[in-house]
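Here it is, the structure, as C-alpha cells.
Each chain gets a letter, A, B, C and D, in the order it is written, and its residues are counted from 1.
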Amino acid sequence: MEMGFIGLGAMGDPMARNLIKAGHPLMVYNRTRSRAQALAAVGATVSETPAAACTAGVVATMLAEDAAVEAVVFGEHGILAGLPRGGVHISHSTISVSLSRRVAEAHRERGQFYIAAPVFGRPDAAHAARLIVVAAGPAEAVARCRAVLEVIGRKLLVIGEDAPAANTVKLSGNFLIASMLEAFGESFALLRKSGVEPATFMEIVSAFFQSPVYDNYGKIVAEQRYDPAGFKLRLGLKDVRLVLAAADDAAAPMPMAGLVRDNLVSGIAQGFGDLDWSAVARVAALKAGLKS
Amino acid sequence: MEMGFIGLGAMGDPMARNLIKAGHPLMVYNRTRSRAQALAAVGATVSETPAAACTAGVVATMLAEDAAVEAVVFGEHGILAGLPRGGVHISHSTISVSLSRRVAEAHRERGQFYIAAPVFGRPDAAHAARLIVVAAGPAEAVARCRAVLEVIGRKLLVIGEDAPAANTVKLSGNFLIASMLEAFGESFALLRKSGVEPATFMEIVSAFFQSPVYDNYGKIVAEQRYDPAGFKLRLGLKDVRLVLAAADDAAAPMPMAGLVRDNLVSGIAQGFGDLDWSAVARVAALKAGLKS
Amino acid sequence: MEMGFIGLGAMGDPMARNLIKAGHPLMVYNRTRSRAQALAAVGATVSETPAAACTAGVVATMLAEDAAVEAVVFGEHGILAGLPRGGVHISHSTISVSLSRRVAEAHRERGQFYIAAPVFGRPDAAHAARLIVVAAGPAEAVARCRAVLEVIGRKLLVIGEDAPAANTVKLSGNFLIASMLEAFGESFALLRKSGVEPATFMEIVSAFFQSPVYDNYGKIVAEQRYDPAGFKLRLGLKDVRLVLAAADDAAAPMPMAGLVRDNLVSGIAQGFGDLDWSAVARVAALKAGLKS
Amino acid sequence: MEMGFIGLGAMGDPMARNLIKAGHPLMVYNRTRSRAQALAAVGATVSETPAAACTAGVVATMLAEDAAVEAVVFGEHGILAGLPRGGVHISHSTISVSLSRRVAEAHRERGQFYIAAPVFGRPDAAHAARLIVVAAGPAEAVARCRAVLEVIGRKLLVIGEDAPAANTVKLSGNFLIASMLEAFGESFALLRKSGVEPATFMEIVSAFFQSPVYDNYGKIVAEQRYDPAGFKLRLGLKDVRLVLAAADDAAAPMPMAGLVRDNLVSGIAQGFGDLDWSAVARVAALKAGLKS
C-alpha cells in the first residue's frame, strides 16, 4: 500500500525502512531533509512538505513531541490540508491525550480518519520490527491499515474506536516503567549503603520477575551505563508530565507519578537531561549521599 | 540430615513437608501444637519447646514477624539455649535488618552459626518447592546446610557472609513488588476514568514486561480479587515499614516506599487489612472517586 | 488619575470601588455587563470592550485565570489594541509565570508598559483595602502608578523590573498556604483518631505561631466550615498547578507541591471542587478512615 | 514546692533555673554530674541517682529521647523505684506516644501519678520562661503541680487526663513546623532559580502570615544560618519519625510527614545532621541543582 511517512528520527527511520522492506512504497518527509534523502537510497520518494506526503491517502507520523505534531498537522502545507477526504492519518508519536483528542476532531471535521497507534519499544526494537503497537480509531480505517500496523511490530493490539484512549494506554505503560526505574534507584541506594552489590540483587530480581524489561533496565542501573541514552531523561520527564496532565484531566491522583516527576526534574537540574532516563536512579543515589 | 523446624504456618508447613519428602528427618515445634501434630502424620517428631527442636544441631525457623522470632530465639527454652555449640540456625522469616543483626551476634557469642535465608514466593510456591532462597552467613555453615537450602526452592543464591544483608535483599525485593502494585493502582484508576478496561491494559503490560509476576498481580487488581488474600495487606505494610526502617538506618531516603506505606495505612484505616495487599490499588481507586 | 479597570468579580469589584473612593475616575469593563453597570451607580463609566477601557492610558485587570487574561489582552478589541503607546497595563490576576512573560513581551513590542501586581488576601481584605500587593515592572511605570497600587492594599512591595517575578512570588506564597492546609489536614486526622479535639490543638497552634492566617484557616478546618468557599478548591488546585509549572520551567523539584496537588485532585474527584480549598483536610480525614 | 529535676541539657538547665528563681527548692540529677553541680551554685541539691531526686514526691524530667527516659524511669535506682506512692512524675521530654503510654501505666500500677507536659520553644524561650506547656494527666496531680507547670512558660494548656495525648499534640506541632521548613525550602529553591531574592519573598511572607515563627525560621533559611543549630537536624528527624510512628499506630496516613522525613534523611546522608533542622531547605536547594 502506497503511503506517506513523516518523522525519520531514531524511531521513525527504522519503522519506515521496515515498511519499505515489507513492500509498501513510501513518500517520506522530514524537517531536516538529509534524513529523508537517506531513505531515498532504499527506494523512498522525498516529499517537500507534510501535505505532499499525504497524497496517497494514508500517512503515518512518528514525531518527538506535541509541538512537532501540532506543526505537521495544523501548519501550512500540513496533513489536514494535504490528506484527501477519506484518507487516514496513523499517529505513532507519544503525545498528550488532549492533543490526540484535538487532532482526532480536526480530522473528523474534514471527513478524514485518525488512528492513534503509539508504540512500545526502544530503537533496537524498532529496527527488529519488534515493537508493540496499541491502536485505536475508526474500525473501518483500522481494518484498511491493519497490514501496515502489523509490519512494524511483534504485536498489534486494537483497543477500540476512541483514538485518545490509545495515548492514555501508552502513557500509563511508560509510567509503569518509570516507577520501576525509581524503585530500582531507591532500592539500589539502600543496598549499596548496606554493602550489597546491585549485581547480586539483580540475580534475585531476574529470577523472581523473569522479565526482560527488569533485566535490561536493572543491568543499566547496576552498571550505571546511562550514556549514551537509549531514551533521554528529558523525554522521559516529558512523558511523565503527559501522564500527570491526563490524570489531572481525569481527576485521578497519581502521587507516584508526581514523585517520579520530581526526581526527573532534579535530574535535569543536576545536568542529567541527556543521559538515559534510568539515571533517575542516580538522583536517588546522590540523595543518599553516594557519589554517583 | 536430621534437623529441627520451627513455625508451621502457611509458608512453614509446606517447606517442612518438602524437607521430609527429601529425606531429612524433622523435629518440629509450633506454638499452636495441633499444627505440629499434623506433621507427625508424615513422620516428624513433635518437640515441646524451641530448644528441644535444636538438639540435632541444625534448626530452621519460619515465623511471621520480629516479635515471634525474638520470643523463639531469646526466650526461655529458646534456640539460643537449646542449640549446641557449633550448631546452625537457618532463619527463613522476613524480619527487620536490625533484629537479624542482633540474632547473628547472639549466636556468634555462643559459638553458634546463623544463616539468614529469607525466601521469595507465596504459599503455592512453597508447596511446589519453587521458592527463591537468598542466603547469607558463615561460609562453613552455608556449605554444611546447602542441601537443605536447595530442597525448598527452585533457586538458591548465596550472597556472602553478612547475614543481615540477606534480609535487606528480601525487603528490597518486596519493595519492588509493592511499588508495582501502587503503580498498577494509579494507572488503573486513570485508565478506568478514561474509559479503558484494565484487562485491555493488562494485554499490553503482559506483552511488554513478559513477567509472570506482572501478569499474576495485574490480573488480581484488574479483577479486584482481593479476597481471600494471598498475602495480607497488614503484612505487606509490616514489610514496607521494615524496608523504611532499614533505609532510615542506612540514611538512604526511599520516598516511594513512604508513599506506598501511606497508602497501605490508608487501606488499614478503611478496613482492607485482611484483603490481599494488592488492594492498595483500591485505595488509589477510591481517591480517584471510583466506588471500588 | 483616570484609568480603566477590567474584571469585576469577587476581588475586582471591591478593588475598583476602593479606587473610585480614592478619587480615581474609572472606565470599567466586565464580560457580564451587569457587574459593570453596578459600578456605574458609584460613578464609573461602562466600556463596551477591553480596548475602550484603555483610552486613558492606564488599565488594571483582575481576572480569574490564564484563559481570561489571554482573551482580554490578545483578543480583538483587546488591551494590546486599545492601549496607547506609552500606556500601562497593571495585571493583578494570579496567572502563570509563562503567560505573564508572554504578555510582558507583547506590551514591550508595542511600546507599552506592563506591571505584574498580584495581590494576597481574600474578598474581605479586598473590601477593606487590606490586600498585600507585590509589584514588578519598569521603574518608570511603577513610579507613575504608585498611588493606584497603594490605594487597594495595606502594603505594597515593589520587587524589581522583571514582571513575571511578581507572579512567581505570588504563586510561592499560595504554595505556603496550601502546604499549611495539608499539614493541618494530616495532623487533625492523627489527633482526631487519637482522641484530641482539633479545637484543643488550635489553642496551641495559635499560641505558638501567633499568626492570623493559621488562626483563620485552622478554625475553618477544625469546624469543617468548607461551605460557602472563601476560595474554591478548584481554584486552589489551579494555583498549585501553576506553581508546579513554574517549578518545572525552573527545574526546581517541589515534591510537597506535588503531594498537595494530588490531594486537591482527589478532592475534585470526590466532589469537593466548590468547597473552600481548606477542604483538602477532608481528603486527609477520609484517607484516615474518618467519615468527614 | 520542693521537687526533683532530672535532665539538665540545653532545655532542662534553664527550666530548672526558672523553678529555683520562683522559689522551688530543687534536687537535681544529671547523667553527666558536672551539669548538676553547676546548678548547686544557685541553690540546688545534687542527687546521686534519679531515685534520690524523687524523695520530695514530685519530679520533673527533661531528656533528649525515648532511650534516656526509659533508662531514668525503669532503670535501677530509677524514678519508678524512688517515687513514693502518691508522688507525681512530670515528663517534659518530647518522646513517643507509645513510650508515654507505657510510662503512664507503670506509674499507675504503683499508685503514682504521671503528667505528660511537653513544651514548645527553643532554648532561648526556655531561658526567658516563655515556653508553651501542653499538659495532660490526672486532674488531681495537675492541680497539685499547676504552679510548677506555670512557672516555666508563658502559657499552660491542660488538655485532659490521658497523658499520651499531650505527646501527640507536641509531635503534631513539631510536624507543622517541619512542614513549614520544607515549604520554605521548596519555594526558596524555585525563587532563587527564578531570580528572586529569598529576603524579598520574606517581606511578603512576614506581611502576610504575621508570625514570629515564620519570620524567625524564614530568615534563618534565607540567610542559610544553619550553624550553630538551635535544634539539630538529627533531632528534628527523630521527632518526625515519632509523629509517623504515632500516625502508624492510629492508622492515619501522613504523606507530608513522610516526605519531610525523606528529606531529613537525605540531609543526614549528606552530612547536615548537626546543622539546624531548617537545613532541610538546603536539601531542596541541592536537588534543584543549586550549590548550597
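Observations, loosely collected:
Convention: a residue touches a chain if its C-beta (ideal position, glycine included) is under 8 Å from a C-beta of that chain, and two chains touch if they have at least 3 such contacts.
Not measured: the values here are computed from a predicted model.
Both chain A and chain D are touched by B, C.
With centres computed as the average of Cα coordinates, no chain lies farther from chain B than C.
Averaged C-alpha coordinates put the centre of chain A at 38 Å from the centre of chain C. Centres computed as Cα averages put chain B at a distance of 52 Å from chain C. In this assembly, the C-alpha centroid of chain C lies 38 Å from the C-alpha centroid of chain D.
In chain C, 247, 251-255, 259, 266, 268-269, 287-289 are the positions where the chain touches two or more neighbouring chains simultaneously.
By the touch rule above, chain D contacts chain B in their complex via residues 241, 247-248, 251-255, 258-259, 261-263, 265-266, 268-269. On chain A, the positions that touch chain D within their shared complex are 255, 266, 268-271, 283, 287-289.
Residues 97, 120, 132, 134, 154-155, 157, 159-160, 162, 164-165, 168-169, 172-173, 175-176, 179-180, 182-184, 186-187, 189-191, 193-196, 200-201, 203-205, 207-214, 243, 246-247, 250-257, 259, 284, 287-289 of chain B are the ones that touch chain A when the two sit in their complex.
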